[in-house]
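Sharing a structure, written as structure tokens. Questions coming.
Should a chain be cited, it is by its letter among A, B, C and D, assigned in written order, with residues numbered from 1 in that chain.
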Amino acid sequence: MAESKKTNRQKELGLTGFIFRPMWLTLKQTLKSSRHRPNTVQYPWEKLVLPDVYRGRPGLRFEKCIGCGICMRMCPTRCIDLLEVDDIKHEEGKPPAKVKRPRVNVGRCMMCGYCAEYCPTDAMIVTPEYELASYTREEMIYDPYKLQFAGVPGNEVHILEVLPSELKKDVPPRPHVKNVDLPVVEDKKCIGCSRCAKDCPVEAVKMVEVGVNEKGRPIKRPVFDKEKCVSCETCVEVCPKSALTLQEVQ
Amino acid sequence: MAEMWINMGPQHPMTHGLWNMRIKVDGETITDAEPVIGYLHRGWEKMTEDRRYPQIIPMSDRLCYGSSFTWSHVYCMAVEDLMGIEVPEKAKYIRAMSDELQRIGNHLMWLAAIGPDLGNLTIFLYALREREMFLDLFQSLCGARMTYNYCRIGGVRNDAPPNWDRDLVRTLDYFEKRMNEYEELVDRNKVFRMRMEDLAPLSGKDAVNLGITGPTLRGSGVKYDIRQNDPYEIYDELDWHMCTADEGDTYARYRVRMDEMRMSVQIVRDILKKMPKTGPIRVKPPRNAPVGTGMARMEDPRGESLMYVIGDGTDKPYRLSVRSPLFVILSASPVLLRGNKIADLPSILGMIDVCMGETDR
Amino acid sequence: MEENVTYTVEQVKSKISEAFPAAVKFESKAKPRRLFMTADKGSLFNLCKFMKDQLGFDHCSLVSGVDRCDRMQVVYHISSFSNNITAEIVVDIPRDNPEIDAITPLWEGANWHERETYDMFGIIFKGHPKLERLLLPADYTFFPMRKDCDTGRH
Amino acid sequence: MYLDIWQLLTGLVHWLMVNIIGAILGWIGFHGVEHWLGTPGVLNFVTIIVVGLVVFIVGMLVSITLIWQERKELGRLMDRRGTQVGPIGLFQNFADALKVLVKEHIVPEAADSMVYNVAPVIIIGVSLMMMVTIPYSPGFYMSNSQLSVLLTLALFGVVPFAVLLGGWASNNKYTLIGGMRAAAQIIAYEVPLLLSVVGVVILAGSLNFFDIVAWQQSHVWLVLPMIIGAIVFTISMIAELERVPFDLPEAEAELVEGWGTEYGGMRFGLIMMSEYARGFIGSSMITLLFLGGWDMPAFLNFIPDGIWFLAKVFIVFGIIIWIRGALPRVRTDQILNLGWRRLLPLAVVNIAIAIAFKTLGWF
């Protein structure tokens, strides 16, 4: 068995297969690459053509951002944090409003594109910029102004998804299936401080009076607007008594 | 010459990655060997216990630079098993297609690496030239060239771009022509054959007992491919067959991988034919995983990869355990090496396609 | 292992419960080509030997440890090339005395997995040929994958 | 058509010594010195030094060009561009030389420092000494020894000895194995190399390069009758030069940089330089012994002999590079098998053919 296999292999090699076949092949390649240009790209002078979807450093569209912080929470390397900065647009004479915008440490960024993917308003985008080297680490931290990038529609990353229950129903996929993850308030823990309503970036939280306590003060409980909520978890994080959890509400 | 221990690594041209092969040589003959790993240990499994389920996908991409898609794929399958999600039909096809493209890319990386191991740089540049085409394909598919972050729990990130079919078919046609060139350069080359034939033979029984999987196992004549024996996506519906070789030597391992590249091309063509044109590609996964366990195994380009997830009701896994194919194959490397020459060390270890990222984790 | 004898999941279940009526319990989860069971510490080696010799489970995929805070678990994934079944065996062991029989004498492929589990969890596999630190340096005194390991301190 | 360098330089040196230096010295007041400078002994001595310098410079320039040729040709073989410093990459070698010159000299602590330092000197010295014997054209040569072929081959045999010394003295396991491989390889390949030359010597009847080339000019290029010998000689020469596929002493995949692992800085640069110098010598030996040296078709007579010779050398070296691009490295036991079991019998067969030709009186 083994012997016959060996002879088969020898036959495969044949007479021409000594060393002349590879030499002929390399000779052909030499002639080809001498006549045309070789396959290599002269990098600093020539660059590859990048598609729009190329994931370079993250970019920010300042006006679209609502400062919800989803990018910060979804970042696997935790290289994004929210920074309070002056708004770009402000009326003459008035001091600019303070807004929250993401700041990215590009040195830690692993270009996964999650910030662009999970952004509810497509404010974070992926950019085709990949030459990010700098002399100091401080230069690698991109503040919201430096992070700005105009972008083309191809730079946006959309989630097109369906619910598991809709899989067989031929429902067209749609971006950002909402109304699924909502904050749920635990009634006993809530003290009605309305921090969640204050910090909600999309104003989806409304404080509703549900009665009065024994001292006669109104008891307030947050109510969440299904349509507006972007499931960003800001309210969960600011809640002083950890009364909120984000859960699926079907 | 007396026997002596030689450190092959951790910084040595033979080591693909950062590890140390301690060998005991008698003159030119290896009498004993002992792999020393752990130089690249990043505490991956501990790190995942502090990340949300979606956040682990880009991390699992970085388990191996050569086959990042398959690693994120096996992770997603394990979590889907845990969460009980069914993946849309189209996403299954896209995943299988990306798997096969990744397999070609990874095998090309391996083919490139064995060239310098055996002392010829030409095959290195030829193989990397063609790998570039597949990287370009992935780049137009998901925007990244090496760490794709493309697989998602419950589907894939995005649909294939317009003109994808045309580009893919063109690339595959060109690649099949190039495959012939590699075979001219390696198979028809007496010196390559001299270096590879009858080298480090491994019987099928030994290979099974040593836990060896993947092309190395199939090179020993064992007909086992998880794509066929434990089909995971839509592999049971596709038109393909397993590639095996009976001899069990280094050349047989080489042949299996080359045949697998051709087979992957065939699978991708078949997928393009059968893939539904429209349909959802992604199911929204629940935020919190249920309490329970999930497990998925698949055929990595290097062997059987397995992930085992334990969920505890929060959005972070309680424990995530990884079986890396190379972790086991490397533990068997002393058996392969004993009795061979020093010069064969790179070719034997090159043939099992060493990647330290997934071995050390 | 006899050639050309294949078992279905049900057959494997009944055979194992015949041989180990008390020690092995099956879980109710049912998935194609998967088998879930829990075994107790003492009978694990015999169970594995039975599965390897009688039922054709000839490949050890993964040995992993789990720290459940009140107890330790060792999870074995053992698959069969002829039956196409993957069995998941969960074994509980006490946390203060984590010892279990090694299965390396049966499957050589479990060698490094058991070493790694020892490395990360401190679970001692009795009968292992070379139970040493694998990924971590040999002079470490703690086991990092345990849940009570203070990662910030080290 | 050729340039007689000895005639030219003798005249030049005579004019310089007597008419310029002698006149200056005489004007200063050293009367009689110009007569001493004009004596044949002094003139010959100076002329030999000047000719040696010229031959050395030309040889080194050719070697540097060979490095450039290897880089460019390998680049094209592998579908890349090769070196690109300066116009068509010509300055790369000078940049490299500048780089290795500014590197620190490091002697390993555990090394036998004297042998460690002497080994590269032997290698470089011997490699440069071989340039003495190689004639470029009937007029452009350094020495015209009756045994120049034998001398060159003998000098070739010295290098692996120095390689073994260096590999041992570095006190490193890789270098030791590399040195041992060099020793084993040289024993296996020196014999067929010499035996394949014997055929040439039998036919041409001389061990002098000039006589061999003259014989080929009058008869036929020796590659035609001695085709087996030419192939054996080329293969053995590749093994002598330690180039792929026979570069076992410095197999970089398993032995880092082989016997030269511990040599850094300018030592490494000079060793590499001398390797290419030997590459030049080897290619020119193939050219002289088998390809007719500076012999050319009569209608191409307007091209100078030296240019014609160098063109052949470059083509031969190009083929060696081409083999490097197409083949991987051979294993230790296989290389010895090839040397003892294949090449040695072939070389003997070649001698028999040569004797047959001679006795039958065909040439």
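Assorted remarks:
Definition applied: a residue touches a chain if its C-beta (ideal position, glycine included) is under 8 Å from a C-beta of that chain, and two chains touch if they have at least 3 such contacts.
If you're wondering where the values come from, they're calculated on a predicted model, not measured in any experiment.
Distance from per-chain Cα centroids to the pooled protein Cα centroid is smallest for B.
Among the remaining chains, D is positioned farthest from subunit A, on the basis of C-alpha centroids. Computed centre separation for the pair subunit A/subunit D is 62 angstrom, with centres defined by C-alpha atoms. The distance from the centre of subunit A to the centre of subunit C, each centre being the mean of the chain's C-alpha atoms, comes to 39 Å. We define each chain's centre as the mean of its Cα atoms; on that basis subunit B and subunit D are separated by 47 Å. A separation of 25 Å divides the Cα centre of subunit B from that of subunit C.
Of all residues in subunit C, none touches 2 or more other chains. Listed for subunit D are residues 77-80, 325-327, each touching two or more other chains.
Multi-chain contact residues, meaning those touching two or more other chains, occur in subunit A at positions 19, 22, 25-26, 29, 39. Screening every pair of chains for touch gives A-B, A-D, B-C, B-D. On subunit B, the positions that touch subunit A within their shared complex are 51-52, 54-59, 62, 85-86, 88, 122, 126, 129, 139-140, 142-144, 147, 149, 154-155, 157-159, 161, 181, 184-191, 193, 197, 246-247, 251, 280-284, 286-288. The residues of subunit D lying in touch with subunit B in their complex are 74, 77-80, 173-174, 177, 180-181, 244-245, 247-248, 251-256, 325-334.
Of all residues in subunit A, only 19, 22-23, 25-27, 29-30, 32-34, 38-40, 42 touch subunit D in the complex they form. The part of subunit A that touches subunit B in the complex is made up of residues 2, 5, 9, 12-14, 16-19, 21-22, 24-26, 29, 39, 50-51, 53-55, 74-76, 110-114, 117, 126, 157-164, 166-167, 171-173, 177, 180-181, 246-248.
Interface of subunit B with subunit D (complex): residues 1, 4, 6, 8, 12-14, 25, 27-28, 115-122, 124-126, 129, 185, 189, 191-192, 194-195, 341-346.
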